[in-house]
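Just below sit the structures, each encoded as structure tokens.
In the two complexes that follow, chain A is the common piece, with chain B as its partner first and chain C second.
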Partner chain A sequence: MAQAVAIDGRQDFITTKGRQISRLKCDDDSIAGAVSQRACVYCGARVVLNPITDAIHLVHGPIGCASYTWDIRGSLTSGEDLYRNSFSTDLKERDIIFGGEKKLAAAIDELVAKYSPKLVFIYSTCIVGVIGDDLEAVAKAAANRHGIEVIPVQSSGFAGNKAAGYRAACDALFRLTAPATPAEAALVGKDRSINYLGDFNLAGEAWIIRDYLAQVGVDINAVFTGDSSYGELKKATRARLNIIQCAGSMVYLAGRMEEAYGIPYMHVSFLGLADTADSLRRIAAALGGGSLSERAEELIARETAKVQPVIDGYRAKLAGKKAAVYVGGGFKAISLIKQFRELGVEVVMVGTQTGRKEEYETIDSLVADGTVILDDANPSELEKFMTEQGADLLVGGVKERPLAYKLGRAFIDHNHDRKHPLSGYAGAVNFAAEVYTTLCSPVWRHAKMGGDLDG
Partner chain B sequence: MADLKVAKSVSENPCHMCMPIGGILPLKGVEGAMVLIHGSQGCSTYMRRTMAEHFNEPVDVGSSALNEKGTVYGGGENLKQALDNIRKVYDPRLIGILTTCLAETIGEDIERLAAEYLAERGLADLVIVPVSTPGYGGSQADGYYLALRRIVAALAQPTPRHDKINIIAANVSPADIRELKRLLAAMDIEYTLLPDFADTLDRPYSDHYTKMAPGGTPLDAIRAMPGAAATIEMGVTVPPALSPGQLLADEYGVALHRLPIPIGVAATDLFLRTLREITGRKVPAGVLAERGRLLDAMIDSHKHNFAGRSVIFGEPEMVYAVTRTCLENGVWPTVVAAGGAGGEAVSLFKDVLAASPEPSYFLSETDFAEIRFRSAAAGANIAIGPSDGRYLTEKEGIPLVRLGFPILDRMGGQRILSVGYTGTANLLDRITNTLLDAKHHTYRTRIYDEFYKGRRLNLAPAQAR
Partner chain C sequence: MLDATPKEFTERTSGGMINPAKTCQPIGAMYAALGVHGCLPHSHGSQGCCSYHRMHLTRHFRDPIMASTSSFTEGASVFGGGANLKTAIKNIFQIYNPDIIAVHTTCLTETIGDDIPSIIKDADIPEGKTVFHANTPSYQGSHITGFSNMTKAMVSYFAEAAAIKKEQANLIPGFVNPGDMREIKRIAHLMGVPFIMFPDTSGVVDTPMTGEFVMFPKGGTKLAELADSGASKLTVALGRFASSDAAEALAKKCRVPAVTLKTPIGIKATDAFVMALRRAFVKEVPWALEEERGQLVDIMTDTHFHFHGKKVAIFGDPDVVTGLTEFAVSLGMVPVHVLTGTPGGAIGSDVGSFEEDIAAIAGQSGHKANIKAGGDLFALHQLIKNEPVDLLIGNTYGKYIARAEDIPFVRVGFPILDRSVHSYLPVVGYRGAMRLVEMIAGALLDRQDRDAADEDFELVM
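What follows is the complex of A and B.
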């Protein structure tokens, strides 16, 4: 099993707390042949922008890129559902040779004629980056032709890792939200409401948070990008504060908005009871405290009273179990460590696909000595460390699930196609219930090849 | 039958995937084989995700993780480093290299790079099979057969005649592969089945996990394919240039029988009859009893099935087999969409559909927007194909019988059994029961709306009697 770390260059991406003093390497490109669990730049951009419900999301590239990403996110909509389609220019060999710009322009024309959208995103893919189609020019011409916004997303797959795709998406969002007129510019930061960044409304999570904040007395102006619309996003700069849930995907945009418009931002997390309460308190305080803080306390007390006994019930059944975490972003990993603590489950391995340096520092400060921390892991390493660390359970996405099951370990889906919310108090109960469901299933008792028949 | 081909610049909800994912499948059915995708990291990850969800199995596929530098200056170093790392971790006996759009567009010569690599590292025992699978070059079905052909081309050696027969399987399920093996064993036939992912993509749970799944077609068996008595290839829609059976026929003179996937009475008959003719073995009574049970099932359900008007979509070979099965049972096809089928395959479909008493559309290059439009216009009431067809259910209320690859929204894609008489009965039950479900859910309202028209029935109230 020692071969898991034998891949040259992978050693620096793995540390064990308390045993090594070297700093973990992260935000670097994946090593060739390492069977990384990561996707590409296009993927990063697509997952961030896709929840914008009334936009046309047009993939400029070969069919596969659109095919693998058609409606795979559990982002819900309260209105239009144009975003659930996957549009592609379906580039063929002749387009690669002669260029795909004409086809792209024609595709936009056809889609505008059919759907009359206000907004079109054009996603660049690997080959578009190589053949050098001028997306900017095509977008500009189409925008003029149709009197709508057409925004290119520079997401050529090879130009970095998934995190570069997040930045490409943020660039597109920054462009979309920029005040277009002096009148709009005058309204920057003037609204009392806040923007909620980095929630993609998976299984209605943004709706849960919107409801909590409404009870506290805080209005959400725009969500980036869960269940958002063109109209909402165009008013985004009017908000007085940005709160960020998924930092990996959105801290860059928040930074740009602060720089350009002076809109401050703060990190929040609505995963688990402690983080949810803490976030509600900090938001209320940031907006002036007083009656907001009072209502936040009331909400926290009310909801905690409701769910704490349920969580405690699960905690009693889960005591002493060990968990491994391998998720997309650092913020999620941090919240999960705390959330597992609420359940009496110890985290013995933590890794992410796109965690940032600061996030790994936080992770390091949270976990016990002996915990393995790793960036951009592969199946071989996941297998090695889950086994060595004695993890009873793995948190991950679709690709990790069958691996955990093959190793006879429980598994929690924290991926983007899930159908149940994990945010807020309702989500904390769902999470605890799922941990219980998988760890305490009777199947593990029977999972022995041959049973007593092979002796 | 009306033919329809609408020139469009945009694909609206794709009906197929790209070549490399098709190439992964046969490589996963070869013993000790590992796959490496030459391109940017996302390709392998998306394909792994799709396959993990369909098979509910870990599917490890390497990537050369091409970045900007590799894209500008050539990806040779990345590819060689990837090969080194794959060998370190998986210790494979064969590595398939599949290219992507990116690698093809920047002009990577994987044949040369593979040869260089083997020479530089002094590797005599490792087999590398480079397959050119540009994502813009065809569908997953093309990738599937091309990878198979390249595997055979790389391994096949002049071999003295022997009694085994070669069976080249289409992209069917692991359960189907197991059923084919059961039928071959029942007839006491020696064979080389390629690919064989019965175990590799549907592994039993066991006390020990190994990175390389046990099972798959042995390399030596593939090497000896040129000595076989004949080849049966499930690939009537496959262009000869992509056909492994054609290669064995052209280069080694192995008689080739191109047959449809044995789904349906006629196709299964043909498969077994061909086996009998090649080997002289009899079809055993047990298998004939299965045929009898299928006929019994067809008769039991024929009236229900006659109410079915089907939309069939997916990989051409599977669509062809299912279309024939629908025609055998009166589930008349209204829309038949075989993404990527071209050339001779088109006339093959047209010939088969000409036998239908009802009109049908054949779509060779299409998307779900068009399939939806055609299906609604034709009054289709049942869809048969992979999971993406759920869109037709959601948008048009057409229920979906899940079949083929990939099944992403249900458990057990790897266990869907459709080949042979038993598998066909299985498939037919799924079709009939889906039609019955739809009927039972709607007939009360439908008939009420049609005939009741607000009148009170002239029945004496119970209490007045």
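What follows is the complex of A and C.
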């Protein structure tokens, strides 16, 4: 696989800290023929919107797009669970030739009759973009027919990559949250609460943060979109501040809300002790400090005292280990680098699918010389750099797991397959425990014939 | 979780799906192509499809699944994907260096009408390397159709006619796990029948851990074998939906006689497979197989009272469902609802109707089953609500219904995303049948234990 990097046109997607100035390409599309890890516009849009629990998520297209996204996101719900079904118009050859609008309208009618939802999203897929169905018109007519909201999501797969899908989802959310009447418009920014953007409540992470902020004295109005409902999102513009966890997916929406409603936003991260404390402090300060800040400090002190010894225990066991990070967004990569530092683990390779230029600059400033930084890696590149850099552990998503295992290296899912929360203090302990469990599992000793358990 | 499913049937006419029991052609084509040695499947379309197909296969097999994509952009969708595909082919040989690229289309490239054969003809293909293709529009059929189309492409591209036939069989296993393919090969070996199996994903998606990542593992049908399949004396197509098209194509192209049998799930279908090999190659059935069969019958008699009269619902891919239904009947169970998401037969073939087939098998249980081809799991759930069953057999997605209706559930088929090891262990052959008996009896008896009042809780069952 040594020739992996000889791939024409890939050199600009890879850089090494210290050896050259950062000039990483990250917004371009993957190269034709690459075994790319990247997904599509629809995928990005679906990821963001799917945790709206009481909506019908209707995929307008052939069956596959809907099949593959059926309940694979791991976003937990405290209420309704309509979002865990898979709805598709299942377009057939006939529909491709004569257009799919009629079928779409009929499918909406049937679903509304069965489930009486307040909200329907219709996602367009590649093929719908090509045959040119007018989703907007179908949605409008259906909304009028049923007296509910029907929102089209312009997510034809070929029109860019996952990041474009985040934007399509944000457009849909912006539309959903817009105050419909002057009375509602008068309430914009008037509430004392804040919105929490870019947490999808994987393994219940949004619940943890909601609880922390409640202890500090801050109410969360709506989570975008973890465990959220139509009703909550409708009131979203009343909040006085937006905080953003997953920047990749949500900065665009926060920007639009600031522009339209004057709601300010700030970046936060609840991954790792340092970032969590820092975020709590900054939120308290942004909301006026005073007693909020006092309570934030109390919470930080209390929780840190609880978990620090546990983390130190793991740190002692993990000293000298090296990690490779390959995740979706740049912001998550940055948090992970810091979190590994808290565990005494050095990050020797960092890659993302959709990281932005500024984020790569931050990454470059954080890592040690010699660290490999790459955008949109393919499996052979991941293998090459993990091996060359001597990484003991890979953080990635579903497709990277078996790759790491085949290489006899530990693995952590930091994507949608995580089974325990990785946010906040509880999450930091889970993360440390998971790093330890996988890195120090006895199974690795059996990789070689005759490997022994005492070794 | 499926609390919202109503019990009352109302006719659904939109053609839309609620909780599909199938997925799209390209993933089937990708899986079939992985069964050719040194082959990289290539998805001609946008990145998303390929990424989803790899992800889904990865989750089922828990092995790295390699495939490349043409990475369509807006421009390609308007001006056609010829340039993308040519660049892709050049890049793939240069970077990953496979022996073969298997191109399949997606709904997007089908719709814009890319002419794959002429693009391939114009492409820059290095000496000794090969590119072949199958058209797999995702708006027709299902993943099974895609598997069938790619398998057929192997025949139309590579099989070579031979005047003199060799004493060897072609075995087309259909869309089953590598563990099943290994079992089918083991049976043929025991029978002493030389054979060519295609596609063969064993050794590709169930590779051993060696501490190294190998992009093109040892397994897969070799190109020379595919060529030689035209010289075989007989083709045995297992599962008519996934395999008969390729067998027929081979019969036409190279005059290799073909028989299409059921996927050898359960005792009857395995018998039929063994007997087909015996008839054509005049071999005695070896004691090792007789013994296995005898053990299976022994197990079936030991356990028959657990199964008798139990009502079962079965769903999944048509070939697998057919075998499972037949086996359920032979255990004394009553198939009450049987459903597949794959409509009709493979396109252009004269495959008979799924409904008729199943009706004939299920009828032997003395009960008229509800049978649906091209159905979805919403429909299955409604059927079960109206006529409850004691057991549900199907892929992972059945767990929602099993939970909602509180029914014991046995996972068989594709995909299985929430359990591991299954793809290594067969459900075909006599051994596979033993495993099925264990799984089904285990599920039923676990339920009995769970539900037993203290006074009915027994040690010996």
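The rule is short, and it goes like this: the second predicted complex is superposed on the first by the 445 of 455 C-alpha atoms of A that agree within 3 Å, B and C clash if a C-alpha of one lies under 4 Å from a C-alpha of the other, contacts with A are read in each partner's own complex, and residues count from 1 in each chain.
Just so it is clear, a residue touches a chain if its C-beta (ideal position, glycine included) is under 8 Å from a C-beta of that chain, and two chains touch if they have at least 3 such contacts.
Remember, predicted model here, so these are calculated numbers, not experimental data.
Overlap between chain B and chain C is detected when the two structures are superposed via chain A.
Of the two partner chains placed around the shared chain by superposition, chain B and chain C are both touched by A:Ala447. Of the two partner chains placed around the shared chain by superposition, chain B and chain C are both touched by A:Gly408. By the touch criterion defined above, A:Leu82 reaches chain C but does not reach chain B. Using the contact criterion defined above for the overlaid structures, shared-chain residue A:Val130 touches chain B and also reaches chain C. When both complexes are overlaid on chain A, the residue A:Gly33 reaches chain B and chain C alike. Shared-chain residue A:Asp95: touches chain B and chain C both. In the superposition on chain A, A:Ala391 makes contact with neither chain B nor chain C.
Once chain A of one complex is fitted onto chain A of the other, the partner contacts of A:Ala113 are limited to chain C, with no touch recorded for chain B. Once the two complexes are overlaid on chain A, the chain A residues touched by chain B in the first and by chain C in the second are 3-4, 6-8, 29-43, 58, 61-70, 85-93, 95-96, 103, 106-107, 109-111, 125-127, 129-131, 157-161, 379-380, 383, 398-399, 401-403, 405-408, 447-448. Chain contact summary for the complex, chain B toward chain A: residues 8-14, 16-18, 20-21, 36, 39-50, 52-53, 55-68, 70-71, 78-79, 81-86, 88-89, 100-102, 105-106, 134-137, 139, 203-207, 209, 211, 388, 391. Of all residues in chain A, only 3-4, 6-8, 29-43, 58, 61-71, 85-93, 95-96, 103-104, 106-107, 109-111, 125-127, 129-131, 157-162, 378-380, 383, 397-399, 401-403, 405-408, 447-449 touch chain B in the complex they form. Of all residues in chain C, only 1-2, 4, 6, 10, 12-20, 22-27, 40, 42, 45-56, 58-59, 61-74, 76-77, 84-85, 87-92, 94-97, 106-108, 111-112, 137-140, 142, 207, 209-215, 397, 400, 417 touch chain A in the complex they form. Those residues of chain A that touch chain C in the complex are listed here as 1, 3-4, 6-8, 29-43, 58, 61-70, 72, 81-82, 84-93, 95-96, 103, 106-107, 109-111, 113-115, 125-127, 129-131, 157-161, 379-380, 383, 398-399, 401-403, 405-408, 447-448.
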